[in-house]
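Two complexes, one shared chain (subunit A), two partners (subunit B, subunit C).
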Partner chain A sequence: MLKRRPLQSRSEVILRNIVVIFLTVYMTIFLLVPIVMAFAGSFHLWNPLNGTYEWIGLDNYIRMFRYPTFWTAMSNTLIFCAVVVTFRVVLGLSLAYAIVSRLTVHKTFFRTVFYMPTVTPLVAVAFVWKIMYNPQFGLIDQILGLDINWLYDSVFALPAVMVMTVWKDFGYAVILFMSGLLSVPSDYYEASNIDGANAWQTFRYITLPMIRPTMVFVVITSLISYLQAYVPVMVMTEGGPGTATYLSSYLVYDQAFVKYNFGYASAIAFFILILTAVLTALSFKVTGERG
Partner chain B sequence: MKKKILSAVLFVILALAGVLTVVPFIWMVLSSFKTNAEISALHQTLLPQQFTLENYLSLQSNFNFLRYFANSVLIAAVVTALVIYISCICGFVLSKYQFRGKNLIFGFVMMTMMIPWSVTIISRYTMFMEAGLQDTYLSLILPVMVSGFGIFMMKQDISSLPDELLEAARMDGADEFRIFHRIVLPMSKNSISAIAIFQFLWVWEDYLWPYLMIDSEEKQLLAVGLTTFNGRYSTDYGGLFAATAISIIPVLVIYMIFQKRFVAGVAAGAVKG
Partner chain C sequence: MKKRFPAVLTAAVLLLSMTGCGGEEAALQEGVRDTNPDKGLAVMGNHVTYDPNHLVNGGEPVTLDWWLWDAPDLFGSIAREYQEMHPNVTIRIINNPWDGYWTKLPLALQKEEKGPTLFNVHNSYQHLILPYMAPYEIPMEDLTADYFTAASHEIDGAIYYTDFGVMTGAIYYNKDMWEAAGLTDEDIPETWEEFREIAKQLTIWEDGKLVQAGFNYNGEMHTLLLGLPYQLGDTLFLEDGKTADLTSDGMVWAVQMLKDMYDTDRIGDKDFGTDSSQSFGQGQSAMVYKWGHFYGYMGTNYPDIRYGTFEIPTAEPDPFAYDRYNGEATPGINKNASPEQLEAAQDFIRFYLANTRVQKELCMYYSLFPANNQLREDEALQENPAIHAVSEHIEDYIWPGAMPSTMEENLKIAGQDILYNNKDIRKTLQTTEDIVNVDLANTDFTSSEHLYDKYGE
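The block that comes next holds the complex of A and B.
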């Protein structure tokens, strides 16, 4: 490895300065200032429609914790995240395992098919699934021979949204786990074979520890994106029936851009930010230790 | 023998999962050629009984769908090109140059990936309204032209380029801009493909920001148009099927073309991660 030398030529200094100045200015305008504004806003009664911006201290936060819909949205979000992330990991890992197996033919074909839903726009997919859940002529009741009004039933609505999300996203996990599995050196498997390990033991003690970085990556990126999910709910149920499918980010959308309670919405958004940080740290710990 | 059975079992599992994956697409495409009466009929058939193009044709006459489509292609292409170039150049500097404050800047880049949209969108909306940027395409491009994900991917990818290669070019008297354009960019095709597809998709499916920023109907993007269409013609299922088919197919086509490079690119970012 060559020893790093300090920057020398003029063009290196120029290029570095361009990038540093650009990123600093951009991050300040589009990241830091908005975060500070939102934080300040969460202590104000803030409505852009009538121009209100009054200091009210912690009232937004107190209101938030007393608002039953907030807690419904939070518990829905946690259930949604736990179920969808679990399915994404289990389905992704097992299908990836099946594809990379030496016994499988047409690997590229399956990989391409599984990834299709991930590269389709969510808004469009949500519309298709909304019609699929239609109780009169939707595909799902037709095939299963059931008569359930999925999206208008307070028991089935949230699971219905979760099924759609799992369908949409499992392919991403398949691809990531496939590359993780393929990066395990084959002598490890040979060695465990010679030692007489069975398939489960090989998976548990060789494969799983080796793909730990991929596992951490999948769990954390999934968690971050599901904590921010609002499109499926907005398209398919609008939070209903009642508040059965309110997710925390949908609540922010609803409070901010339907009801224009900017301050209150900012308070909820900050709660989501803290929740994201806590859950990310937690899943780093859990997925890190298990391997 | 045991191997044959196992291989058959694997195939059945994969094929089953494959069928479940494609059924919604097939159903959508086939339904888009059915009449509304047929779509909502009690007795359902998979194939259209009366094949019709009416859904696609009326889409254009009732609703300027092609316009939305063209707007989305334009914005998605511009943003994707900008994101790729900016990600590559930032990834190059952040991976191959040593300077003070580098880790701090990279920390902020990583932060953009973890900050929920809900935290920044309210103040960003306020800022853009006050700057008089509503109803301009600039408002759709500015906030997304730097991608934390893109810079992260490119930094990972470019750091694996051998330093000797860059040194050799420097010895030959190439300046940094030349090295970047002639060596670094061409050698990062896989990651670029992955970023291209993701970024195109993100712009293509983004709903809330264009909905907030764009007022005039002739400037609106496809995802918002789709929602407006549904609100206005909520019982025109055939039209909705046709509209969704149109909004899904371009991204699928791009994916099919680039899928090999793309998979290699996505994988590279995560395994090293």
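The block that comes next holds the complex of A and C.
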């Protein structure tokens, strides 16, 4: 066990205390207090803009479970998360594996190209894809020779948003998986080679177990971020057609900042918080890792 | 000391970051002292009058902040005209983007005197700002005598804002396409039946593909649905004014007619672009239904398109109402402003309402039918096609009240569900009505439909 090095000077102690106090104050003001306020607000008819704050008990939660759009949004969110996380992991890992392969040249070029969408602003990307999906002059219909109104078709609208999201985000997974793959000791591969393992066996029994921490990290962070996704929907579909692309976080935004039902929005937000915690725990369990 | 320096520096940076953008604002630029009550200027107005020949706040300097979300030059010129008469009053124009305006404004008004003294109002957000507003100190009878919509804004015998102009929908048509189809002014339709026949003549399909829509309402279905049921005498709210009625025969008729236009008449298509404004501007659609601000949109984005306007067709002659209208509101006054600011703000509002030139400029800018009765026959305003189209029957348009956004939002969803997701009309409208009524139950909204002249007939 590492022995803790004692702080060497009074200056270090002061610096540590300042940083700890700052972070504690910061987290309290900008995280803890808002969470507590939102939780309390979820039991109230609450509109901070005109000062309404009336106790209504569990009405917001009852209303939430009876509201058909809530269930549409929840089911869309789960589908969205499952599909986008899966594609992000599969695509990210495949491309990372290809880049670190000894057969690939110009690794830096590919790494840069794949990472570029990640550093592009999401709103700008969403607008560009919205134009690409236009049924009259959009690039996608023209290239594929189709006549589909992608964002106004209840069958295609959510998948269209998913495709944009995967394209935007897979580069981040590529970089993470590359670092995971490069950290696997080469001795293991040499040993497997001597033992006569084929490529699949090497990947299945050496690479995958060794990059499991990276995998867990990518899955968990993706899950948390996609459960909160609403920008692509806001820009590309506004939840439509009808409620076909409503995601849970978009519903929170809609209730809070369009209809000013802050109490109701807080109830939905708390449900999402619990769902996020459950899904995160489940992911840890499935991947066999603990925090 | 050297060892302590990093810690001190870090502390300073952290503290500065926590204080954010705090700090003293730049010193206010205040007016000079005014000692001359006799400005030598004529009294303005008809019933609401304004006599500039007096001192405001006893001539002592006073500063008013005026928040708005649009047209700072226009509102700034009004403020300057007032300041020239009263040099001791400084009006600071503060323009905020629309998106943040309705969050920032109520929060600023909660700061009482520190909030803006004057602020532009949109009636759909009345529920957020009314608790912070002071009533106008102008007799109700004077306001209603000069402004034909003022009575609809009366709250417990007082007026907190009124309309300087009203806006509603009309049909915009492409004159080149109209002429190419051999149509003349004589063909302007008055009923929906006639309209659909004209639209068929304006529609062009080539090889099974729509290349020119006779009528395009993509993106506007919910706007039409909020007005069309009135043509059959069905209101959007029940008699209590608090319960939405979105399953009326008029609503079902309106939805069915719009759907039939695309599915049966084939005068347009739900997949023919997603934005009818853009489609009209690009010369792809012959007719669209738009509200008055479309005039400004076309002038800015598509100045080369030749277009005309005509009044929205009706189901039958002499309808209960042609359509709904909405007003553009006069500024509100912060009731918690200082007594000096309140006196100056009330004086400014009287000037604003009594000055017909100001009212005309505002209506010209926003393409609004003037709420001020003196401007009804104004030639320059009548030349604006958006105003001209609605002027003949403006008394036959109804104002439903300052509707919470849930009505518009949910009718938009319903329209998309019916049009794009092929959901059953009655079931969808019933679901929408249920959702809207749950939302309305949590508001203090009451419809203003009962104030309409023909209500109850």
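Criterion: the second predicted complex is superposed on the first by the 279 of 291 C-alpha atoms of A that agree within 3 Å, B and C clash if a C-alpha of one lies under 4 Å from a C-alpha of the other, contacts with A are read in each partner's own complex, and residues count from 1 in each chain.
Just so we're on the same page, contacts are C-beta pairs under 8 Å (C-beta built on N, C-alpha and C of every residue); 3 or more make two chains touch, one makes a residue touch a chain.
Only a predicted model underlies this, so the values are computations on that prediction, with no experimental measurement involved.
Novice: Contact-wise, after the overlay, does A:75 reach subunit B, subunit C, both or neither (first, second, both, neither)?
Specialist: neither
Novice: Scan A:63 for contacts with subunit B and subunit C and give back first, second, both or neither.
Specialist: Only subunit C; A:63 stays clear of subunit B.
Novice: Given the touch rule stated above, what does A:119 touch, subunit B (first), subunit C (second), both, or neither?
Specialist: First partner only.
Novice: Is subunit A touched at more residues by subunit B or by subunit C?
Specialist: Of subunit B and subunit C, more residues of subunit A lie in contact with B.
Novice: Quick check on the superposed pair: does A:198 touch subunit B, subunit C, both, or neither? Answer first, second, both or neither.
Specialist: neither
Novice: By the touch definition at the top of the document, which applies to A:9: first (subunit B), second (subunit C), both, or neither?
Specialist: The answer is both, since A:9 touches subunit B and subunit C.
Novice: Contact-wise, after the overlay, does A:257 reach subunit B, subunit C, both or neither (first, second, both, neither)?
Specialist: In the superposition, A:257 touches subunit B and subunit C alike.
Novice: One more residue to check, A:136. First (subunit B), second (subunit C), both or neither?
Specialist: both
Novice: Who does A:33 touch here: subunit B (first), subunit C (second), both, or neither?
Specialist: first
Novice: Look at A:127 in the shared chain and tell me whether it touches subunit B only, subunit C only, both, or neither; answer first, second, both or neither.
Specialist: Touch partner of A:127: subunit B, not subunit C.
Novice: Overlap the subunit B and subunit C contact sets on subunit A and report the shared residues.
Specialist: Common to the two interfaces on subunit A: residues 9-11, 14-15, 19, 22, 26, 48, 136, 257.
Novice: In the complex, go through subunit B and note every residue touching subunit A.
Specialist: Touching subunit A from subunit B are residues 3, 6-7, 10-11, 13-14, 17-18, 20-25, 27-28, 31, 39-42, 44, 89-90, 93-94, 97-99, 101, 105, 108-109, 111-124, 126-127, 129, 142-143, 146, 163-164, 167, 170, 175-177, 180, 197, 201, 204-205, 207-208, 212, 222-223, 226-227, 230, 237, 240-241, 244, 247-248, 251-252, 254-256, 259, 263, 266-268, 270-273.
Novice: For a test of understanding, state which residues of subunit A touch subunit B in their complex under the given definition.
Specialist: Spelled out, the residues of subunit A in touch with subunit B are 1-2, 4, 6-7, 9-12, 14-16, 19-20, 22-24, 26-27, 30-35, 37-38, 41, 48, 91, 95, 98-99, 101, 103-105, 110-117, 119-125, 127-129, 131-132, 136-137, 139, 142, 167, 171, 175-176, 178-180, 183, 213-214, 216-218, 224, 227-228, 230-231, 234-235, 249, 252-253, 256-257, 262, 265-266, 268-270, 272-273, 276-277, 280.
Novice: Name, in rising order, each residue of subunit A that touches subunit C in their complex.
Specialist: Those in contact with subunit C are residues 9-11, 14-15, 18-19, 22, 25-26, 45, 47-51, 63, 67-69, 134-136, 147, 149, 151-154, 239-244, 254, 257-261.
Novice: In their complex, what parts of subunit C are in touch with subunit A?
Specialist: So the residues of subunit C in touch with subunit A come to 3-4, 6-7, 10-11, 14, 18, 102-103, 106-107, 110, 127-131, 270-274, 284, 404-406, 409, 412-414, 416-417, 419-421, 423, 431, 435, 438-439, 442.
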